[in-house]
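Look for chain A in each of the two complexes below; its partner is chain B in the first and chain C in the second.
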Partner chain A sequence: MKMRMDILENQPVETKRDALLEGEQTLETVTHKVSSIVFEWNKHPRAWYVSLLVAFAFLGALTVGVAWLFYKGVGVWGINIPVGWGLAIVNFEWWMAIGQSLLLLSAGLLLMRQQWRKSISRILESTAIFAVMCAGIFPILHLGRPWVFYWLMPLGPNILGLWPQFRSPLVWDVFAMSTFMVVATLYWYMGLIPDIACLRDRTKNPTVQIITGVLALGWRGSARHWRRYQTAYYIVAGLCVAMTISAYSFVSFDFAMSIIPGWHSTFLPVFYVAGAIFEGVAIALTIIIPLRAWYGLQSYITDVHIDWLSKYLLGSNMVIVYGYFAEAFYTWYGGDKYEKLVLRNQMFGHYAPLFWIMMACNLIAPLILWSPRLRRNITIVFIVSIFVNLGMWLERFISLITSLSRSYIPSTWGFYTPSIWEIAVFIGSIGLFLFLMCLFVRFIPLMSLTELKTLLANDEGGKNHSR
Partner chain B sequence: MDDINYRIDQFDTKTEIRSYAAMGLVAGIVGVLLCVVSLMANARLFFQSWFFAAVFWTGITLGCLCFISFIHVIRPKWGLPIVRILEAGSRMIPYVALAFLPVLLFGMHDIHPWLQSAVVSDDMSKAKLTYLQTPFFTLRWGIYFVIWTLLAYALSGWSYQQDVSGDEKLRQLRVNLGAPAIFLLFITITLAMTDWVMSLTPNWSSSMFGFMMIVSQVLGAFSLVLLIFLIFEDKYPWNGYFDERTAKDLGNILLFLTLIWAYVSFSQYLLIWSADLPREISFYVVRNGGEWRILAELIVVFQFAVPFLLLLSNRTKRSRFMLGSVAGLLLLTGVLNLYWIVMPAFGLHRFNIAWSDLAAFVAVGGFWISGMMHQLASRNLVPQNDYRIAEEDMEHARR
Partner chain C sequence: MAQVFKPSANHLARLSLLAFVIIPGGLVGAGIAVSRSPWNTNVNVPLNQPVPFSHEHHVNELGIDCRYCHKTVENSPYAGMPSTHTCMSCHSQVWTNSPLLKPVRESYKTGVPLVWNRVTSLPDFVYFDHSIHVRKGIGCDVCHGQVNHMNITFKAKTFFMAWCLKCHRDPAKFIRPKNQVFNMEYRYPPDQSTLGKELMISYHVHKNGLTDCSVCHR
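Moving on, here comes the complex of A and B:
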């Protein structure tokens, strides 16, 4: 075929700027920059210490909240009949969504061969795992007798004398979460192996040599290693995509399979998965934007990455808006009076202020990002991402609590206000997340060295970095 | 000079495409003649068959339009060889609007139960009845088609213009329109499918339905377009495009759409089945009972299980014949799936494909294929002046 180079010449500036690595980068500079964050631990910016302090303060709240809960029982929370599921499930959903969607994003982008995932995949995966760890504490805490949480596991008649109730959504959550942790950790660790080997080869400290040597599983970087590694990595990524979508759909089935008005909606699985991506991308932006500023990673996580993430935020936002439309339209069209009552309660009832704040966060705030000019302003993107995080938390709160507080029979109506102990546990889970993030930044290469170097390897000598 | 050579080189392929257009025309005319016979034999049955055919081919057209909007937004390299086929398909919107006219003018009472006073029950709210009344229904029908026609002609028109002028601004225009277009299409198609298909079972509603129909339409459209591309794959200018990577990408898109289709269909089924509410379950009671059940099971096996397993393998995706077969299978099961959704609503309790169904399907489809092939043959078969071509060339040169 004839070469049509003239077309490339006429391209607008925008596409020429698609640099995923900026500045003069070689294999050596990339390795040095990323591994120095781990090795030169005394050079961490002040923000890292401040984050750690905040994390400890919040963890204190978690300790107090949990201790009081264990001492007195779930009665210290605001839950009641009919609202038997309070902040615990809201927080569970919220953290779970972050975990599932970020893993989905990392694995999905790998399968779609998206080059821009390479410098943020490690952050996405780690955030995913930490978020699900935070999600995991809530189902256990809400049990009433949390010390026998292992009764939820299918240990079988030999140990417990009976099986768990497989028809209970609580048991599905156990399966959803444990499957997630296994697959996500596997995927994350597989991505880490070549990087750990790199740390092993670079460190002078004998203790670190031993630890990284064990963790690197004897990685030598031979051609055969790479070949098998690539195949396995793609297979696990495929598993991750299938697992995250099905697992989070299952979380939505917790609600949609019931007949409670407002929960029972056939669109809910899609809405939940899209909502999770919306929320996950927002939290990724909330984390990545400060991180790259504090550690001077602007040459590695460029404005292109932020732009792409913003576009994903917009894409998932369109599905959310479509979901709100479908929900409202079919509530009207279906004509069921209880469904209509729930919608009216959401909009004008006891929790109406929260509903309108949510609408502002989920519908209005993302509109800003439609403008390419505003989307390239990092501060604005950061602020929008905070709004979306808040909006999606409120989304869970409204859809879960309103339906329970106003169900079929007026005599069962009631209200729910979270108690200070529930709020303490929620803040505590944020502390736990922050603490894990601090550890991650300190001990694990923030970006995948292997993947970053493949961005260079396209051209001779690894010096050209245009694409 | 370049341009003239290119046009001459495409000549043979275009001749072949035009022969398909002629075949479609013949099929369409034969179909229409059969339809006249069927109309005289049983008008009610004819209108039902014609309605089904019109909904199906509208779905294919809308699927093309959704997919081309998506391609304009994300600009993938694998989109290059199928862009023109999708554009030709999406330009059939005015034609399928015409295909609805017989039903709209004469057959409404044979299709829509809410027009028959006996069926209109107490539990249908007054607002909903007003919403579905013929004047408002027709008005909305018009609005949908105006919106779709404008979108289809704007997007494809800008693409054709860029062939001539090479103006890069046209590309940006398509991106800028494409993203809101997808959203607008989702809303309008959902409303249209509610009007046309969901209202056939007047008391039934499901919030997944619109989304499910859109996914089926895109799956059907992509299968058809892929099939057409694979038929002409060895002809200039398409012969350079079916390399290992593009084949794998296209196959994966097909796999992805199949999975999404199965996911939304299963979710809707599971949630309605488990809740077992009278106002919802009626839809599946009819469709899973009697001989319709056989069709339901066939759809599960041949629209999901078989294509899924085949498409997992790279060998299927690399082979032109295998990939074409899977696309053909998915197109066929797409027809059956819509048949299973639409037809039981007319109270045909026995699963029985009437000959008028085939006649109407061939009539509407024949003209559709003919018109679409004609559209395809009247422009360059692969976009010119597209920066993706230059990028592709650079990669080939590097290899």
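Moving on, here comes the complex of A and C:
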């Protein structure tokens, strides 16, 4: 890396409009801005308190929903034969996709040395971890006897005298999720170490000094530290990329391994990973846009970042569009009457309105972003991202429910309507996510100081790498 | 600024790495120990009963057959608990004024059955049939222990699924001649491995189906 003396002397680096870092920035201004959000806890914007309040209200719904579920059993949900998987699995996939794709995005962009990831990587990774924590509650809750969920882990020899059923995708989910949590947390924490050390050195509070001192693992910022750190960080990022792609493919195997029409496709893993990126980028926009407005981060997360995220949304959208058409084509070309029935039911059956809403959200709404002028209007990007979140949730609902409610024999056909308790748990999981995000913003530097400062070291404030 | 930590903190930091082994190991170990302890399984914990009935006295000392009281054990899923009438078939003649037997006489007079406390209880999702086990040469004491030596009855085995499977996976180790099922003092002969296989053939015990989920979870 090229070192410039003027940076080390805290001389302001001139930056240009539409750069990755705007305004007159020095090492000190960057550090101050990011660490002050953590240190000046009494200066959080009103939106933070409102979010926390909403989070607590939703967490209340989660508590009541889960308590009632544990007391009465899964019968309080709307699920039954033939639709044995309801909102729990829809939500599981939806949250899981957010987690996998955002970690993939953060690690993948690091490996490709994309400069624009630097100010948003922390938010992406935290969102990923929190989303998978939300996803994790659903497979446990949907078990008939959730308190013995650990039977899914290979804890032999146990008092059952049995190993879990390794042919069951439910067991694969356990492996996919636990691997994800380990690797993601490791990657996230590694990125945090120099930042925590920075907090340790800036705080005056002895208790905070001790806590951050322990968490910083004795980071001194020596050249040797940095060299090893960089190597290790890249290795873990490589692991993350491989792991997220395989782990989310596993989630699609929950469906692809079955013989239910509409699910039994080799195309599913690809479609799932692409769909996950589409959804993940959308949720990243949904989170980043308000966050940067509330905390005044426009100089750090600039319009260039939003523009890049929008382009990623468009790119993954094209794969999704291809996916929808390919699915329809395979169905027609394959000529299987059950597959055809599923497609016809999706488009014109009981759940058809949802299908067309989904098409509007996933196919039509993102088209707006093809226009550069509209893409730079933050409000429009935010609204589109909300539509995509909804669309991808519906996408999972439709593929799950339509196939199950109309499988092979007409005598096994049925309908599914989510009960209020399922909805309570879904809303509750959003509350859990919001709560974790509030804690994250309060306690953890929400942008990577280390990465931001390397932007200053580049000529023209990082502009040379932004295109 | 003063240093937050002393140099000795480095050793503590390295030592704390042990926590990654000790804490998960301890939690798993504690789980294993607690789930297998009598606190969870009730094994060897005598249970209070309305009448302090002694199997030691009735079976070992007096020589009453199991089936005198548990009379449906050979042809029903349930071994059956004796009615008060069965108790009174002897106790109308012996120990007629014993204060210990007062609840039995009360029950006989009023017609309200005695409420015994269940010693061995299987979960609702386990289907168990006494008669098939008795008919295929599984002795009482294999599951219930040496009840003939219990003063107050207690659970002798864990009744874990792993414990059931030990026999279902290899019945030859536990099967005995049918006429020895109610012999509480039965000792397996040294050639049990060959005898067991022969008995399995003659009693038509097919090992393959015995560990199907639906055998017990119907």
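Here, the second predicted complex is superposed on the first by the 437 of 467 C-alpha atoms of A that agree within 3 Å, B and C clash if a C-alpha of one lies under 4 Å from a C-alpha of the other, contacts with A are read in each partner's own complex, and residues count from 1 in each chain.
The definition used in the following text is that contacts are C-beta pairs under 8 Å (C-beta built on N, C-alpha and C of every residue); 3 or more make two chains touch, one makes a residue touch a chain.
Given the structure is predicted, the values throughout are model-derived calculations rather than measurements.
In the superposed model, A:Y330 makes contact with chain B only, not with chain C.
In the overlay built on the shared chain, the residue A:L162 is in contact with chain C alone; chain B does not reach it. Within the superposed three-chain model, A:F39 lies out of touch with both chain B and chain C [touch as defined at top]. Legend: residue contacts after superposition of the two complexes on their common chain; A:G213 is shown touching chain C, with no touch to chain B.
Those residues of chain C whose C-beta lies close enough to touch chain A in the complex are 4-5, 10, 13, 28, 35-36, 158, 160-166. Within the complex, the chain B residues that touch chain A are 2, 123-125, 127-128, 131, 166, 168, 172, 179, 182-183, 186-187, 190-191, 194, 205-211, 240, 252, 263-264, 267-268, 270-272, 274-275, 277, 279, 385-387, 389-391, 393-394, 396-397. For chain A in complex with chain B, the residues that touch the partner chain are 1-8, 10-12, 15, 111, 245, 249, 253, 256-259, 264-270, 314, 318, 321-322, 325-327, 329-330, 332-336. Of all the residues in chain A, the ones that touch chain C in their complex are 155, 157-162, 200, 206, 209-210, 213-214, 217-218.
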